[in-house]
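Please find the structures below.
Next, two complexes with subunit A in common: one pairs it with subunit B, the other with subunit C.
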Partner chain A sequence: MSALIQKLEFYFQYPFVQYALIVGVLIALCSSLLGVTLVLKRFSLIGDGLSHVAFGAMAIASVLHLANDLLLVLPITILCAIVLLCAGQNTRICGDSAIAMLSVSTLAMGYLLMNLFASGPNLSGDVCSTLFGSTSILTLTSDEVALCAVLSLLIVILFILFYNKLFAVTFDENFAQATGLHVRRSNLLIAVVIATVIVLAMNLVGSLLVSALIVFPALSAMRLCKSFLSVTICSALLSVFCALTGILISILAGTPVGSTIVATDLGAFCIVYVIARLSGR
Partner chain B sequence: MAQITCKKLAVGYGGQAVLKNLSFSVQRGDCLYILGENGCGKTTLMKTLLRLLPPVGGSVEFSDGLSPNDIGYLPQQTLIQRDFPASVSEIVLSGCQNRCGLRPFYSKAEKALAHDAMAKTDVLSLAGRCYRELSGGQQQRVLLARALCAARKVLVLDEPVSGLDSQAAANLYQLIQELHREEGVTVLVISHDLSAAVQSATHILYLGHSTFFGTRQEFLRSPQWSALKGVRNP
Partner chain C sequence: MKRIFLLLALCFLTGCASAAVSDSSSAAPADSSSAVSSAESAHAVDYDLTVMSSDMVYATIYQMITEPEQYAGKTIRMQGLYYAAYAEQKFQYYHYCIVTDALACCAQGIEFVWDDGNHVYPDEYPRDNAPITVQGTFSAQKEETTGNWYCRLENASLNVNE
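Now for the complex of A and B:
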C-alpha cells in the first residue's frame, strides 16, 4: 500500500499528471451535467454522433496543418449539433437515423482524408489515439489546460443559470412552448454546449468513448435518486469520482486513460444497479 | 371581448389539412368544449391554437392582451415523462417558468403560487414524491397543478380525464368547473365525454361530418346533438 502511495506521490510531482487530473475532473463534471438532459430527451447517441463529427473535423484540421485545430473542430461540431438537435424533430429523416448517417459518414470521411493526405509515418497510431484518446491527456500544455478550464467554468455557470429552463424544456417541450417559453433558443443553447463538451472530452477519452462520459453517470444517478436536482448532483459527483479513479488507476497500472475511465464508469453503474435492485427501487 | 379568434382556419400536418374552414372565437370567461370522435383532429386543432403547429390555412389571432405567457396547458402524457426522475414540486414549479422571463430562479411569490396550485389539486401531500411512482390519476393532477401555475388567463386541457376511473374523473371535472367559475379563467377542454360537456360548457365546438359551433343551449337544439342522442339512446 505504501508503495502505491509513494508511486502516486512520485507521479504527482509532474505537471502533466496534475494537468491530466484537473482537465479530467472538469470535463467529467461538464459532461455529466448535460448527460441527464440528453438521456431523458432520448438523445443518448448524440454524443457518439457528434464525437465522430469532431473526428472528421480533426482529420480536416490535420490535413490543413492548422496550428490550433480547436478553431476548426469546435465550429464544425457546434454546427452539426445545431442541425441534429434543432431541426431533428420536423425533418423527414428522424432523430436516430440522422445521427447514424452523420456519424458514420464523418468517421469514414475523416479516415479517408487522413489516409489520402497522410502527414506522418504512423497513420494508424494517429487515428487510434484520436479515437481512443490513448495518450493525449498526458501531453496537454498549460495553454490547453487554461482553455479547458475557462470553457468548463463557462458551461457550469450557464448550466446553473439555465437550470430551471432546462428542466422545463426537458420534462415537457410542448408544454414549455405552448406556455410561451423560447424552446428553440434553449435547444440551441443545449446544442452549442453539448458540442463544446464533446470536443473537450475527446482530449480525455477519445472520440469513440465520449458518450460513455455523458450517459453512464446520468443513468447511474437516475437509478438512485428521485428528483431532478438530486439526479443532477449525484451524476456530477459520480462522474468526477469515476474520472479521478480512472486516471489514478491508469497511471498506476499503465493502462490507457480513456478506456480505464469508461471501465470505471461501467463498474460504478453495475454497483449502483445492484444497490438499486437490492433496495427495491 | 374575444381572446382567441380563428378565421377560416385549416389545421393539419405537413400541409395536409385534417380540418378545414373553422371559424369561431373564444371570449374571456368562456368554457369551450371541443368534442368529436377519435381522429377527427381535436388535438391537432389544439396544437395549432397553442402555436405548436403552424396553421395550414386561415389564421389564429390572440387579442385582449392575451399572449402565450398567459396560457396553461394540460397535455396528454408523453412517453418521456413515464420514467422521468423528478419530484412533484419540481414539476409544478416548472409551470411558473413562463413568468420568469430571463430571471434564472423562481421568486417567493412563484413558489407560493405552486404551493397553492398543489393544494387546489390535492397533491400537496405528494410534493416530495417522485413523479414516476405515482398513479395515473395522481400524475394527471400534478400536471393540472402545473397548468394552473401557468394559466393566468386561459387554461387548455387535452383529454383531462383519459385513464382516470369515474370517481377521479368526476373530481377532476368538479375542480375544472370551480376554477372556471371562481377564478374567471377561460377554459378550453378537448374531450369525447358528451355528458360532461353539456353539464359544464358555455360553448361547444363539435367536429365531425358537419361542424357545429355555438352556445350549449344552441347545441342542445342542433341536429348534431339529436344525431348523437339517437346513437346513445336508440
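Now for the complex of A and C:
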C-alpha cells in the first residue's frame, strides 16, 4: 500500500498528471449536472450523437489545418445541439431518429474526410485516439486546462443561476410554458451547455464514451435519492469520485484512461443498484 | 492541433512505427541474451521511464517532444521496442526506441545515438521490434527554416531485454 502511495506521490510531481486530475474533476462535475436533466428528458443518447458531431467537426478542422480546432468544433456542436433539442419536437424527423441520423452521418463523414485528406501517416492512431480518448487527458497544455476551467466554471454558474428553470423544463415543458417560462430559451441554454460539456469531455474519455459520463452518475444517483436536488448533488459527487478513481487506476495500471473511467462508473452503478435493491428502494 | 503536431513530430523524430518496420526489414538479429553495449552513464537518471506505467511513459515522451527545452541535458532511461529507419537523403540509418499508448493505436519514440555512434548496423544492433532499454542524454535542436525540433538521446547505452 505504501508503495502505491509512493508511486502516486511520484506521479503527482508531473504537471500533466495534476492537469489531468483537475480537468477530469471539472468535466465529470459538469457532465453529471446536465446528465440528470438529459436522462429525465429522455435525451440520454444526445451525448453520443453530439460527440459524433464533434468528431466530424474535428475532422473538418484537421483537414483545414486549423491551429485551434475548438474554434470550429464548439460552434458546430452547439448548432447541432440546438437543432436536436430546440427544433426536434417540431420537425418531421424527430427525437431518437434525428439523433441517430446525425450521429452516424457525422461519424461517417468525419472518418471519410480524415481518410481522403489524411494530415499524417498514422490515420488509424489518430481516429482511435479521438474515439476512445487514449491518453489525451495526460497530454493537455496549461492553456487547455485554463480554457476547460473557465468553461466549467461558466457551466456551473449557469446551472446554479437557472436551476429553477431547468427544473421546470425538465419535468413538464407544457406546465413551465403555461407559467410564463420561456421554454425555448431554456432548451437553448441546455443545448449550448451540453454541447460545451461534450466537446470538453472528448478529451477525457473520447467521443464514443462521452455518454457514459452523462448517463451513469445520473442513473446511479436516481437509485439512491428521490428529489431533483439530492439526485443532482449525489450524481455530481459520484461522477467526480469515479473520474478521479478511474484516472488514478489508469495511470497506476497503465490502462486506457477513458475506458477505465467508464468501467469505474459502471462498477459504481452496479454497487448502487445492489445497495438500492437490498434496502428496498 | 495537438494531434497534428504529434504526427509531425513522429514523422521527423521517429517516423510511424509501420514505416520504420518496412525501412529496416533487413536488420539482422543481434545477440539477445546479454547486454549489447554499455557505455553505462555515470550520471544519475533524471527521468527513469522504466519504472512508470505505459500511460505515464507515453505522456512523458509526448511532453519531451512538445516541450523539448525543458528536458534538454537531462538523463533519460526508457524501455521500448527497437526500430531502425534508413534516411535516403543522408544515406544513413537512424535508431529509435518506440513506445505505444495504452490502446496500442498510437506509437511515438525517440531517436538514440548508441555511444559515440560508431557501432555498425546491422551487425551490432538488435533485430527490429526487440525490447530494449536505452539511457542517454536528451538533446533538442531547432531547425531555423522549418521551426521543427529534432530530439534524441545522445551518448546512449543500449541493452536488449531478452
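The rule is simple: the second predicted complex is superposed on the first by the 281 of 281 C-alpha atoms of A that agree within 3 Å, B and C clash if a C-alpha of one lies under 4 Å from a C-alpha of the other, contacts with A are read in each partner's own complex, and residues count from 1 in each chain.
One rule holds in what follows: a contact is a pair of C-beta atoms (placed from the backbone, for glycine too) under 8 Å apart; a residue touches a chain by one contact, two chains touch by 3 or more.
No experiment lies behind these values; they were computed from the predicted model shown.
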item: Room on subunit A for both subunit B and subunit C (clash or fit); value: fit
item: Subunit B versus subunit C as contact partner of A:229, first or second or both or neither; value: first
item: Which of subunit B and subunit C A:40 touches, first, second, both or neither; value: first
item: Which superposed partner A:158 touches (first subunit B, second subunit C, both, neither); value: neither
item: Which superposed partner A:176 touches (first subunit B, second subunit C, both, neither); value: first
item: Partner chain in contact with A:168 - subunit B first, subunit C second, else both or neither; value: first
item: Which superposed partner A:82 touches (first subunit B, second subunit C, both, neither); value: neither
item: Which of subunit B and subunit C A:129 touches, first, second, both or neither; value: second
item: First, second, both or neither for A:68, with subunit B first and subunit C second; value: second
item: Smallest separation in angstrom, by C-alpha atoms, between subunit B and subunit C in the superposition; value: 39
item: Doubly contacted residues of subunit A, that is, touched by subunit B and again by subunit C; value: none
item: Interface residues, subunit B side, partner subunit A - complex; value: 47, 50-52, 67-73, 75, 78, 80-81, 84-87, 90-91, 93-95, 97-98, 100, 104-106, 128-130, 133, 146-147, 150, 156
item: Sites on subunit A touched by subunit C in the complex; value: 11, 14, 16-17, 62, 65-69, 119-122, 124-126, 128-130, 132, 134-135, 138-139, 141, 250-257
item: Residue numbers on subunit A that touch subunit B, as the complex places them; value: 40-42, 160-165, 167-168, 171-172, 174-181, 222, 225-229, 231
item: Residue ranges of subunit C touching subunit A (in the complex, touch as defined); value: 1-4, 6-8, 10-11, 15-16, 19, 52-56, 58-60, 62-63, 66, 101-103, 105-107
